[in-house]
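By written order: A, B, C, D and E. Residues from 1 in each chain.
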Amino acid sequence: MDLATVIGLIAGICALFFGFIWEGGHAASLFEKTALLIVFGGTFAATAVSFPLSKLKRIPDALRHAFRKADIEPLAMIDRIVDMATVARREGVLALENEANALEEPFLKNGLLMVVDGTDPELTRQILELEMDAVEREREQQAKIFETAGGFAPTMGIIGTVMGLIHVLSNLADPGSLGPSIAVAFTATLYGVASANLIYLPLASKIKTNAQERIQLLELMLEGILALQAGENPQLIRKKLNSFMLLEPGEQRTKKVDANAAQE
Amino acid sequence: MDLATVIGLIAGICALFFGFIWEGGHAASLFEKTALLIVFGGTFAATAVSFPLSKLKRIPDALRHAFRKADIEPLAMIDRIVDMATVARREGVLALENEANALEEPFLKNGLLMVVDGTDPELTRQILELEMDAVEREREQQAKIFETAGGFAPTMGIIGTVMGLIHVLSNLADPGSLGPSIAVAFTATLYGVASANLIYLPLASKIKTNAQERIQLLELMLEGILALQAGENPQLIRKKLNSFMLLEPGEQRTKKVDANAAQE
Amino acid sequence: MDLATVIGLIAGICALFFGFIWEGGHAASLFEKTALLIVFGGTFAATAVSFPLSKLKRIPDALRHAFRKADIEPLAMIDRIVDMATVARREGVLALENEANALEEPFLKNGLLMVVDGTDPELTRQILELEMDAVEREREQQAKIFETAGGFAPTMGIIGTVMGLIHVLSNLADPGSLGPSIAVAFTATLYGVASANLIYLPLASKIKTNAQERIQLLELMLEGILALQAGENPQLIRKKLNSFMLLEPGEQRTKKVDANAAQE
Amino acid sequence: MDLATVIGLIAGICALFFGFIWEGGHAASLFEKTALLIVFGGTFAATAVSFPLSKLKRIPDALRHAFRKADIEPLAMIDRIVDMATVARREGVLALENEANALEEPFLKNGLLMVVDGTDPELTRQILELEMDAVEREREQQAKIFETAGGFAPTMGIIGTVMGLIHVLSNLADPGSLGPSIAVAFTATLYGVASANLIYLPLASKIKTNAQERIQLLELMLEGILALQAGENPQLIRKKLNSFMLLEPGEQRTKKVDANAAQE
Amino acid sequence: MDLATVIGLIAGICALFFGFIWEGGHAASLFEKTALLIVFGGTFAATAVSFPLSKLKRIPDALRHAFRKADIEPLAMIDRIVDMATVARREGVLALENEANALEEPFLKNGLLMVVDGTDPELTRQILELEMDAVEREREQQAKIFETAGGFAPTMGIIGTVMGLIHVLSNLADPGSLGPSIAVAFTATLYGVASANLIYLPLASKIKTNAQERIQLLELMLEGILALQAGENPQLIRKKLNSFMLLEPGEQRTKKVDANAAQE
């Protein structure tokens, strides 16, 4: 569970709500059931039309990806792959079968089992790259659903407000109620813009950033599996995989590792 | 027929309409024939100018693509290709001729007939990739027509409203009618924004998502046809084609299939 | 002449104009000479600054491309190339010289003459691809001029309206004229948004769509010329060039042609 | 000096100014020193933050590129390269040394001197491509500065107007001054939108279009230098370089040249 | 420290503030604590949801990159690499070990140590390119955080203003306070648009421009390290690395260097 995401969602709604209360507003005037129907109903409907049912069913999955923290640290993954490469060099790739079967991570497991099976290296790369593409496409689609909702919500808000204004302006019999009626019309804009910018768009962005991290980890694993299959020197493998990590002035960790690798 | 799309379209219009009625609005004040002419006429005209007649004639086809469910499941397609690869290995590719002629799917049929004819593998790939590009281009064009309409509709709405305001403000003799007249002007904005965001843009998005699924299926078929032509091991073909499908932690199906394939 | 484009342009302006008249507006209140100067003068000036004179001189050419129908049908072109490939196979490429000189289509003519001259195939491809790039660049530039004008026009409309409001609000001596004066200010917005969305942007889109069709035809010709030069089998050439055309379920034409080709 | 650019800039400002005067506005009400400070100061500051000092120093250079006409015609450049190729074929590349040293055009000069020096063809291509990339990057950066300013200016205008409205609405003691005060607030919007759309964005577009022409000329020179170094036939070089130019139906020039080349 | 950035940030805020004061506004009316909470709290929350905690922790690092001047001049870097190439040619690459260890620049140091270690050239390129990609990704992410904040801030401003208007319009008991209350509501828009356009977006742009310069320097170093490893002629290396710099008409520096190199 990524706490920053949960706290951010709550904090955003609180900042808006308490800002309004602090100004002297009444909580009740923020709640307008017709605007709720128009904005959330309209956004939901437009999003449902935009995607086939098979994609819409993946929304809970998308939410899980948005809130979940990356489960595997790249550095831990590098250690694991280097360890397995050492075993493979000493005892042959067949020695990895039990270890591979015990793995949680499906991409690494699948890749290692292909290596154990003696699959042709070129075919291994091809299959793992196709799997990587499938993950990328899936995550992009998930982010796109929220992005699409985030694009429709403000326009549904505008539609709600315009319909509210049409209603108000058609019945000017009682000018005294003009102000409150326009206020009601504005709640639709508020719902649309707030739901898009506090919920849909930030979640879409989170899914995308998490997907990028996942893809990067898959690339690291792919490079590691292929190097292991080619029987490369474990220290060279570590060096290569470390290059996926950032190396900036002032950062000592990677430099030390590289220095060590260089001395060996 | 993709029910999510049909229900979404109806639900969106209902959410807006009943939201307005619930607020106390009169259905009649949402119907304004001059605004209808300006917004729908203008959008239609601008879209007609944007595309050659040959593309506009494909709109019914585009609608069919938007509402149709994907007819072939990728998993069923994989089974079929693996079956045919088994036949081809045992009895030679000529044995596939009758099966190919009975196929509904034109891309697979065309590809298999080329294999049966003994077309050069490189030429087969080239021709099938050109056909794939033609499908991609066609679907993108279809989505673009709706996207273009979705871009013009809100601006036509603004034009209608501005013309309404020009009319109202030029004749302020009777200030009492100011409100209702402005309400009438606003219906143009409502038509423009609502038609774009409930109809044109969601349909464009749906056509694009469906096109992506179709292209992905064509890629799977292309890979399968070429592997079959190369006389590859049917289990390897299944393994390769399965990689087009998503492999995520928690998903057991593909893992099992791969495990089986690995054991054979 | 693409009738859809001409009718679309006229229909769009009519829809707006008669919508306004139907509402009870006076045609005269849509005509405001200062707004005309600001919006069309400003758009023209900003567009003139955006491009070098050499590009601006191509505007008539761009208009010609926007209104012209595609002159050559891809299917007719395929027939012609296959015919010439048959001649070239029977009588040698030199037999094509007269036919090539009689051609209207400069790309095909130029390519065939190079083949007749015995130009190296690699050089032929290189030169024809450079020519194709030149056409693509030119058409994109032409579309961009209209797109740029379509981007400036609405902002010029806003400038005109803001200037109108500044003028009106500075002189509130006679409140009675406030309404009509604001109406006048709004005509600038009307001109800007309408000219962009009924004229500039649709024409830009049309030029782009036509350019795509032209480029596709050039690619088909390029592939045909190279295949002819390589002395490929005319039926194979037809098969390859047919792949540039769409092959969809329900479409019989291409399937039949392919089936025929497969039987030969 | 590209006259279209200078005239366009002046014409745009005149169209707006005289449109306003014609409407009966007073020139003085368009001049508001606080709005000037907010809009131009804010735009300048935001742009200064957006780029490092080293890029900001290139603004005069960027302006020079925006206003300058292309100095070399592609056709003249082709003639020159073909002439030099003829000399190189007859007398060897060393004969080009004096001619190269006398050249104004640094890219061609540098390339020819490398050829004269006997630099390896692959290295020549590599170095010239790196130089081409450096030009492209530089021009894109220059265009981006103006584009960035064109993005900030309208928002600074909105900021100025909002601050003006805050000021006006906080002091409603004298309702008579409400109109003129709002008019003053609107001048900020006017400055922001007009400066962006009449100056910054058109100049950015001009720099980009000129850069494209320059890059195209560099590509032509690169191809010419490499062909000359390879000792290719001058007529073939002309044919190849001519392909960089547009070849359209109705255009006779290039066709004739190609016909001539074909007869030789 | 890049002074242009610091001065720009201060100047932008001053331009707006003093413009407002000059107009006769009271500084106090620009300070509204509820708007501060809504706009800055909302922007912070939405941005926090958009990125995983691991990326948010890099914000101080991102700010350091935004304000820091490029520490190494490309020309000085070229001199250094050419010097080292001269040493490597005379005394062998092992002679560079001490010099490499003394280097500040981690990319160059890491690359040279691999050369000293006798790492395979292809592997050296692969590792250095992976490191370059990691830097690029990291900087893009940093810029994206500020870009995202710059996208959310204006919408939070609109939310604040709409909530303010809802509050005002619901309580029209005292019409005299209508103006000042709307003024208060507008401060939220002011905060949102100003913070986005004076702070977030310019900083994002600065980080991106600096990242481009850094990547370019890394490319130059990569090319230099590989050339040095290949034992290329130092003058050729200088010539190649100089091509990363701009070569424009009127610029004498690079031309001279190239002329010299040509004479040697």
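By our rule, a contact is a pair of C-beta atoms (placed from the backbone, for glycine too) under 8 Å apart; a residue touches a chain by one contact, two chains touch by 3 or more.
If you want to know which protein each chain is, UniProt gives these names: A, B, C, D, E = Motility protein A.
Just so you know, these numbers come straight off a predicted model, no measurement behind them.
Trainee: What's the overlap between the neighbours of chain C and those of chain E?
Mentor: Chains in contact with chain C as well as chain E: D.
Trainee: Give me the chains shared as neighbours by chain B and chain D.
Mentor: C
Trainee: Through what angle, between 0 and 180°, must chain A be rotated so its C-alpha atoms fit those of chain C, rounded to a multiple of 5?
Mentor: 145
Trainee: Please state whether the interface between chain B and chain C is built from the same residues or different ones, using more than half shared residue numbers as the mark of same.
Mentor: Counting shared over all numbers used gives less than one half: different.
Trainee: Once you find the CA centre of chain A and the CA centre of chain E, what distance in Å lies between them?
Mentor: Each chain reduced to its C-alpha mean, chain A and chain E end up 24 Å apart.
Trainee: Please work out the Cα centroid separation of chain A and chain D, and write it as a whole number of Å.
Mentor: 40
Trainee: Pull out every residue in chain E that's touching 2 or more other chains.
Mentor: Residues of chain E never touch two or more of the other chains.
Trainee: Quick check of your reading of the touch definition: is the inter-chain graph here a line, ring, star, complete or other?
Mentor: Graph shape here is a ring: one loop, exactly two partners per chain.
Trainee: Reading round the ring, first chain C, next chain D, what is the order of all the chains?
Mentor: Traced from chain C through chain D, the chains around the ring are C, D, E, A, B.
Trainee: Inside the complex, what are the residues of chain D that reach chain C?
Mentor: Where chain D meets chain C, its residues are 2-5, 7-9, 11-12, 14-16, 18-20, 22-26, 29-30, 69-70, 154, 176, 179-180, 182-183, 186-187, 189-190, 193-194, 196-198, 201-203, 205-206, 209-210, 212-213, 216, 236, 239-240, 243-249, 251, 255, 258-259, 262.
Trainee: Hey, which residues of chain C end up touching chain D in the complex?
Mentor: Going by the criterion above, the answer is residues 33-35, 37-38, 41-42, 44-56, 104-107, 109-110, 113-114, 116-117, 123, 126-128, 130-131, 134-135, 137-138, 141, 148, 152, 155-156, 158-160, 162-170, 172, 184.
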